[in-house]
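Both complexes shown next keep subunit A, but they swap its partner, so subunit B is in the first and subunit C is in the second.
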Partner chain A sequence: MIQRIRRLGHRGCDLLESFGRAGIFLAQSAVGLPSREGLYLWVRQMHFVGVLSLAIVLVSGLFIGMVLSLQGYTILVDFGAEDALGQMVALSLLRELAPVVAALLFAGRAGSALTAEIGLMKATEQLTSMEMIGVDPLRRVVAPRLWAGFVALPLLTVGFGVVGIYGGYLVGVDWLGVFEGSYWSNMQASVDFVDDVGNGIIKSLVFAVVVTWIAVFQGYDLVPTSEGISRATTRTVVYSSLAVLGLDFVLTAVMFGGLA
Partner chain B sequence: MFDNFTGMAEPMSDTPFVAVEGLHFARGDKEIFRGVDMTIQRGAITAIMGPSGSGKTTLLKLIGGQLLPDAGRVLIEGQDVHRQSRKALFAMRQRMGMLFQSGALFSDLSVFENVAFPLRVHTDLPGTMVRDLVLMKLEAVGLRGARELMPAELSGGMARRVALARAIALDPELILYDEPFVGQDPISMGVLVQLIKRLNQALGLTSIVVSHDIKETLTIADYVYVIADGQVMAHGTPKSLDVDQDPRVSQFVHGEPDGPVPFHYPAVDFVSDMLSPGGPR
Partner chain C sequence: MKRSKTMELGVGLFMLAGILGLVFLGLRVSGLSMQAPSDTFRLEANFANIGGLKTRARVTMAGVTVGRVAAIELDTDWYDARVVLELDDELEGQLSRDTTAAILTSGLLGEQYVGLSVGGDPETLADGDTLRDTQSALVLEELIQQFVSNMVSD
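Right, the complex of A and B next:
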């Protein structure tokens, strides 16, 4: 029994220690003035993290918008309320689905790649050799990736929302025959820029920080073996997904809990 | 191949360039160093030798400030490596070069860009001058023609030579070589041995070579430390070690398979182990 308690305490301490390490890691790498060189590295990472995730995020957005519209129509039509389809699609996407699903896709597509890349650089001593050359890998390797993630995910989320709404339009208006004017005007009347679009973007900013932080830290902190890399990549996807879903509830409660 | 070098080695002075004092270091429960003292003279090639697993690479990492000792200190020109701020430590490292066992080239940069990397980040030299310097360093290691290749296209020996060119790009005062001869064919081994010696002479470097390739290392070293069991077992010039009477030193220097350093990992008696009724192991 004592052994178990001791083990539990030990795990707790380990957990706290790794939180501490992750915090110091974030502070040391993300805080600091960008240089011209840093800007170039950031643009390169924006390409890898952002542009290359564009296809999967936009295609998913389109399908989710289409499904949402189809499902929404079958329910709303029972009440003769199919004119509110635009409002339903837009609010679900902007408040919830775009930030959450884009973050989950981002964790799978870009997060795991970041972990594996940095992990492999660690395993092949590239990070150590950079340190020995007198270049801080936190500033040179980690910082551009962190900032690329912070900026890319909110942009991807906006893209997801836009394409999703268009997907809803395709199914609802073009296929199911909802009146086009009511699809758009209901949306315009009910969607508030600050409450809905703004809060959605705040959510995606929070998710961007959390997902990129987890991905990059897992890569930097892993055991430099093939098994270590595979475990860290898995941990990135699992931890980021859980963190996104958990934080989404907290943020939703704070943002929209008072509206009821 | 070495025509570029006409410089002379700096005369040795009495003040050590690197001093390791009472170094203790443990990984978990395993004690790796139990009070190691060393002095490394300026301009000399100092070899640190010892059996695999004796902590030679760890020692280099301690000297380079990548690991913190549990006790003791490492002084480079009188400055304690482990008492520097992060910024001062990085500045200090600009005066050191390190050749990693794996080469550790940046896999997303070409050979040219790998060698140019330290110059680009630490100097404001114009592009043409960077190009000239890189080509000079690559010429020194005989790989000027390979400048466009990517690290994945290089053989192990070539990768190590490129890494050497990168390590000397900023003309450091101290170079740390981590097992430079491991896994090399006889030709590239000979090339590397000569390169280390000639670079040390021509550029007036101070070199620390960590290795267990006795023959090659002893031909170029000015001074040798042998470490085992976390301590300095012997030190002296290659000649004095060759005739050392200590059976442990003699076993290592002459490469005898069994002796004071046992061939077997500690285990229970073989016969009783075989006859014991046990589980699957």
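Right, the complex of A and C next:
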């Protein structure tokens, strides 16, 4: 019995320790002024993490907007309220779907790649060799990737929202015949820039920090074997998806649930 | 490390697209206008029942939006609702003292808003004044109750 309690305590201490390591890791790598070289490394990572994720994020956004519009229309038309379609599509995209789905796609598309890349660097002892020649791997390898993630995901979220609203317009107005003026004017009357767009972007900023942090830390902290890399990549996707969905509920409760 | 111009261009375009998207969300989706928010002045009105009126609801005059509901609170002196209206600055000194406010509903199930109609008094309302003549929201349940009790008495 005492053995079991001790083992539980051991687990708890391990968990706390890894949280602590992750916190120190984030503080050490993300804080500090970038050099010229660092700025260039950041651009490279932005290209990989942001520009190359555009295709999957925008295509998903278009289809989600279209589906939302189609589903919303069939429900709203029963109440004779299909004029509110634009409002429904815009609010659900901006408040929930764009931040969450973009973050989930980002975790799968970019987060797993970050973990695998840094993990392989660690497994082949590139990180140790960098330290040997006096280059700080946290600043050289980790910081550009972290900052690229922090900037790229909110931008991707905005793109997701815009394309989704356009997709909703295509289906709702061009196909199902909702009056174009009421699609836009209902949307403009109900969407508030600070409350809806702003809160959506705050959400995506939080998700960006969490997802990139988990991805990069899992890569940096893994057991340097091929099995360790595969485990860490899986953990990145699982942990970041759970963290995004869980945090989304908390953030929504604070922002829109009247808890603040 | 080779410096790729096309990659830098790609990242630049990506960031530009993000910013443009934000502008689109601001102007087209949430309907912000480029002008600075116009100055406002405040009026208060007490209603016996506000129904489902919410803050930020429209305030209209002859159907034209002239302001928003800034705050709703319970007036503990009279136990009715004190609604603070924020109106366009242009209307300051234009509304007569006997202007009436009514809580109206757009459509059968639509949102509720405040409708103002101007009176004939030569004196005008200034910032912070209270509207005396108000008309409460129509509460559907009360209406049905009235209808049913009339049916019974007939």
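Quick note on the criterion: the second predicted complex is superposed on the first by the 258 of 260 C-alpha atoms of A that agree within 3 Å, B and C clash if a C-alpha of one lies under 4 Å from a C-alpha of the other, contacts with A are read in each partner's own complex, and residues count from 1 in each chain.
FYI, a residue touches a chain if its C-beta (ideal position, glycine included) is under 8 Å from a C-beta of that chain, and two chains touch if they have at least 3 such contacts.
This structure is a prediction, so every number in the text was calculated from the model and none was measured.
J.: Between subunit B and subunit C, positioned on subunit A by superposition, is the outcome a clash or a fit?
T.: fit
J.: Looking at A:E96 after the superposition, I want to know if it touches subunit B, subunit C, both of them or none. Which is it: first, second, both, neither?
T.: In the superposition, A:E96 touches no partner, neither subunit B nor subunit C.
J.: Considering only touches as defined above, state whether A:D83 meets subunit B (first), subunit C (second), both or neither.
T.: neither
J.: Compare subunit B and subunit C by how many residues of subunit A each one touches, and report the one with more.
T.: The larger set of subunit A residues in touch belongs to C.
J.: Taking the superposition as given, does A:D248 touch the first partner, subunit B, the second, subunit C, both, or neither?
T.: Neither partner.
J.: For the superposed arrangement, I'd like the angle with vertex at the C-alpha centre of subunit A and ends at subunit B and subunit C, nearest 10 degrees.
T.: If I round to tens, I get 150 degrees.
J.: Looking at A:E131, would you say it contacts subunit B, subunit C, both, or neither? Reply first, second, both or neither.
T.: A:E131: touches subunit B, not subunit C.
J.: Once the structures are superposed on A, label A:I165 by its partner contacts, choosing first (subunit B), second (subunit C), both or neither.
T.: Second partner only.
J.: Give, as a whole number of angstrom, the minimum Cα separation of subunit B and subunit C in the superposed three-chain arrangement.
T.: Minimum C-alpha separation, subunit B to subunit C, in the superposed model is 6 Å.
J.: Which part of subunit C faces subunit A closely enough to touch in the complex?
T.: So the residues of subunit C in touch with subunit A come to 1, 3, 7-8, 10-11, 13-15, 17-18, 21-22, 24-26, 28-32, 56, 109.
J.: Which residues, counting only subunit A, touch subunit C once they are in their complex?
T.: By the definition above, subunit A touches subunit C via 40, 43-44, 46-47, 50-51, 54, 79, 81, 90, 94, 151-152, 154-156, 158-159, 161-162, 165, 184, 187-189, 191-193, 196-197, 201.
J.: Show which residues of subunit B lie in contact with subunit A when the two form their complex.
T.: 64, 66, 86, 90-94, 96-98, 100-102, 104-107, 117-118, 121-122, 163, 166, 170
J.: Can you name the residues of subunit A that touch subunit B in the complex?
T.: Against subunit B, subunit A makes touches at 37, 121, 124-126, 128-136, 140.
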